[in-house]
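What follows is a group of structures, each given as structure tokens.
You will see two complexes here that share subunit A, one where it goes with subunit B and one where it goes with subunit C.
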Partner chain A sequence: MAARKLNLKQKYGHFTRGLDWEPSYQSKDDIFPFAKYEGIKVHDWDAWEDPFKLTMDAYWKFQAEKERKLYAVIDSMAQNNGQLGITDARYLNAVKLFIQGVTPLEYQAHRHFAHLARHLPGAGLRVAAQMQSIDELRHCQTQIHTISHYNKFFDGIHDFTHMHDRLWYLSVPKSFFDDATTAGPFEFLTAISFAFEYVLTNLLFVPFMSGAAYNGDMATVTFGFSAQSDESRHMTLGLEAVRFLLEQDEANVPIVQGWIDKWFWRGYRLLTLVAMMMDYMLPKKVMSWAEAWETYYEQAGGALFADLARYGIREPKYADVAKAEKGHITHQAWTIFYNYTHAAAVHTWDVDDQHLAWLREKYPETFAQYYEQRYLNWRDQANQGKRFYNNGLPQLCQVCQVPMAFTEVDDPTTISFRVSEFGGDKYHTCSDGCKDIFDHEPEKYSQAWLPVHQIFQGNCGGATVPEVLDWYHINQGADNMDYAGSPEEAQWEKWMEGRRPAAPMAAAAE
Partner chain B sequence: MTQPVSITLQNSQDGFAIAEAIMADNPGAERRSMPAMTKIDRPGRLEIKAASVSERLGRDWDPQEIHLSVISLSGSVDEDDDYFAVYWR
Partner chain C sequence: MPTASLNPGYSGPVRDRVENFGGAQLVYVHWEGHNNFCSAITLPLPPETPFGALTAEILPSLYSVDPDWAEVDLSTARWMLDGEDWQPEAAKGIGEQGVGHKSLIRFWTQPSGRA
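And now, the complex of A and B:
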């Protein structure tokens, strides 16, 4: 008689628990040396319930199918001058931010999930971490491969890994992930799988991909969707991992709550860059940052934390601050980038009248009152040939590393500025959220590699801006400065010229 | 109050069929269209029945094929040979 076919749950059980074994000549503490030092207590690893049940045969089958779909689009882009399909060359700055800031994080995630796949004591979690490690490598590779098409025609993309390690605004995502990978395995899971992937990742990927779709960037939509389907698995891993830790021992609850508070705030500050991209870099806009925050944090996060309340978990500390700031942070971030575009590998530009009207409509309580006049003044200066660039170096927050330009929650005309003392030195942070994080682990954050400090200490190629930009590998006059007058603008206009109808004969003769 | 669960699908041929199956099988589900994607929300639980999707596609659809169409979800996941569900415990 033929063997009975196993159902999905049985197959997955054999694949994970069935292939695991009890060690006989080494102690578990020696095999998993990182499992206990964070204070997390797990009594029964078998209580872990796998959310998605992908066996290897299914995993390879579906991943191969995703790759086939993506490479069909990459080929099509290459064969059909796909770069001409985007709404405007300004749009490409969103893609530049993505490859400079996000793609290297995919590689970091690949490395660290491989570490977890070795070091988590539970077989089910190890298998999920191993698959995620392979996924993250795929994301990194497919993003590089897809965006390489734009690198043939646009600036600022040519040396993104080098820039990721050195540029001031890219130290924001880099230090975020370095912070996570230097934490223990359970903090990393809470930080990346739960706080970032589950709670906040929709705010990164969905607006990026929806924005790309709306702006004719078929390539980014396709790699984004290809990655995002894996992301659904990763998000669910984060949710179930946190739930598992909370169910295993009551003593885990305050530890996990502390990590949720910390990593919510770290992730939220990191998303400032995405928020600015949404409100300022998309020629055709999908939704405002404030609207995205309402849908993906206030609504979805509200449901999540209501569900976790049974374990004694509350909403992240300072979620109310993030809510109160939603009408401000994107304008403040754009201001930073406009000020320092000469030192960045993205362009900024005059916000035109149509865009100003959109901002007034989306931010009725803040934009006209606090930000619009600033942009009009800059426009006047630029029209007089004196486009404003800030030649001072900004103070950076010791924790999130964003230049200190955020304002007090109850007063948008005062810079928010906090000071801590540690080991006889003063350390500055941008908010109560970042100050709490510093004060909890000052030994860690006092060692932060702050780009501005490093320039002043003489570690960044020299004492002048051009020397530092060389050290960044910024191709000066192409990668940096205002979009107006850039080689990219000239190239784009030339392409578009070919699309405009020729002037009528009679008019041309006059 | 039952908290909403949510699933976001690609606007692809399979994605459309899955979205239609969800709307037919889950009374009270709300559907919202965005560029390139469709988001469906419902209080408590959303279930995708393999038979329903198969009927719309005219071929056997395996719930694990959800991996080719899903963009995001909110809630816990339960899957087996004949369904894929998102729910709050």
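And now, the complex of A and C:
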């Protein structure tokens, strides 16, 4: 008798639940020790429906095809000096932030989804986590391969994993993910798969990838596209996982709501870095942060939370604050980086007239009134040979770890200072959102490794800035300081000089 | 609400205990109206530091990169310590005038600032 071919559903069944078994000599609680302590109640794991029904064999085939395409593009870019096709060397600072800040998070995600693939009690969810774990490792690798090409020509990306663990601004993404991976499995799923991948990921990927396309960076566009079909799978996993938890038991609703509130705010604060990149680092702009926030959060997120209302879920707490701040945070973040460019592995620069005009147009209610004069002053100072750098070290938020530069929602000239007491010590936070997170779990956030405080404890290579920068592995005078006068600028100008058409004979004779 | 954890009574090392700073305590200072300095500035200061040393040496070393600083008269500044109005005396140590570990000092000057 000829072998019958299984249909997709049967195949999926064999490859997921078919590989599971009922334990006979160990209790399920011992096998899955992380499943219950967060208070989440699941009555029927079989009710989990994988929205994709992707089997491992199909997954390998599909991913292998994407890999072939990706590496063909990377090879061709390397052979054709693709780095010369970008709009300007300033653009590369967006890529630097990406590899320093985001790529290590892909690796962390790989590791923690592998953990979930072992520890979630349902076979369907475990298989989904397994695939996502492999996806994340692939994203990390493809990003490293892409960016390694730029590393041959530009500064600041030569030691990104080391920098990720040490630099003050990279503690923002690092601590975000450390927070998630030290939470239980269901909080992690809500944090990463739902709040970040589903609600906020478009704000990370679309601006980066569109920004790359607008600015001639085909390599980044290519890994972006290669990751995108995975991202849509991850987003759906996030939404389905949250729905599953909400449907399993009413008691899960307030727990999940608390996580949505927390991780919306954590993710939003993390995105400040991306927001700044969009408004300040792209020579050719895609859209402003405020426009991106309106499209990808206010509209898309509004519809999502309207849909989840039937489970008793409301919009994240402080979404209104994020909305109210959208005309401010990018200028405040650029101010941070401009202040501390001497201690960063990215460049900043004075904002030119064309860029000022764009900012005035995109931020008619805030830019001219609150920020433009600051930039004009800085430009004056730089023109007098006194480029402004901050000689002190910033106060950091205990939770998001961003320097405390954010202002009161109703008063953009006053820094928003919040403070909590715990165990006889003070803890400062940048906002009601971060203060709530601290107050909910002070025993967790009182352990935060705040880069500025670590420097003053003597744990970062020495007491002087050059010693600390050595400890960061910042190549001083190349990776850091203003773009104007940097070796990178000089090199770029030289390359561009070589590519400009020669002056016509008549002009040359004059 | 305590952190949900596998083992009851979860806690960890408090990383920024005052003992970890070699005799200093952390103090944050912020010059209001001058957000060109992106945030408050963190300083490790022994509690014996006279307030006068803060105004005569430390603050100028931080803020004189702003041209406004040259016109500032700190003797007329308004001070706030941890959210309360504060009238510090130059000769006394900051510790004996209420500045503790991770205290926040904010001050307002004339001219009030343009950035």
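Quick notes on this structure:
Here, the second predicted complex is superposed on the first by the 498 of 510 C-alpha atoms of A that agree within 3 Å, B and C clash if a C-alpha of one lies under 4 Å from a C-alpha of the other, contacts with A are read in each partner's own complex, and residues count from 1 in each chain.
Criterion: contacts are C-beta pairs under 8 Å (C-beta built on N, C-alpha and C of every residue); 3 or more make two chains touch, one makes a residue touch a chain.
Model, not experiment: these values are computed from the prediction.
Room for both subunit B and subunit C is found when the two structures are superposed via subunit A, with no clash between them. Rounded to the nearest 10, the superposed model shows the Cα centres of subunit B and subunit C diverging by 150 degrees about the centre of subunit A. In the superposition on chain A, contact is made by A:Glu65 with subunit B only, not with subunit C.
Between subunit B and subunit C, the partner in contact with more residues of subunit A is C.
In the superposition on chain A, contact of A:Leu8 is made with subunit B only, not with subunit C. In the overlay built on the shared chain, the residue A:Ala114 is in contact with neither subunit B nor subunit C.
In the superposition on chain A, A:Phe225 contacts subunit B only, with no contact to subunit C.
Look at A:Lys444: by the touch rule set out above, it reaches subunit C but stays clear of subunit B. Once chain A of one complex is fitted onto chain A of the other, the partner contacts of A:Leu137 are absent, as it touches neither subunit B nor subunit C.
When the two complexes are overlaid on their common chain A, residue A:Asn391 makes contact with subunit C while staying clear of subunit B.
Overlay on chain A (Cα): least separation between subunit B and subunit C is 30 Å. When the two complexes are laid over each other on chain A, subunit A has no residue in contact with both subunit B and subunit C. Those residues of subunit C whose C-beta lies close enough to touch subunit A in the complex are 1-6, 10-18, 20-22, 24, 26, 28, 30, 32-33, 35-44, 61-62, 65-67, 82-83, 100-104, 106, 114-115.
Across the interface of their complex, subunit B is touched by residues 7-9, 51-54, 58, 62, 65-66, 69, 201-202, 205-206, 209-211, 213-214, 221, 225, 228-233, 235-236, 239-240, 243, 286, 299-300, 302-304, 306-307 of subunit A. Residues of subunit A that touch subunit C in their complex: 33-34, 37-39, 184, 332, 335-336, 338-340, 373-374, 377-378, 381, 386, 388-396, 403-405, 407, 413-415, 417, 419, 423, 425-428, 440-441, 443-444, 446-450, 452-453, 456-458. Across the complex, subunit B meets subunit A through its residues 1, 3-6, 8, 10, 34-37, 64-65, 67-77, 79-81, 88-89.
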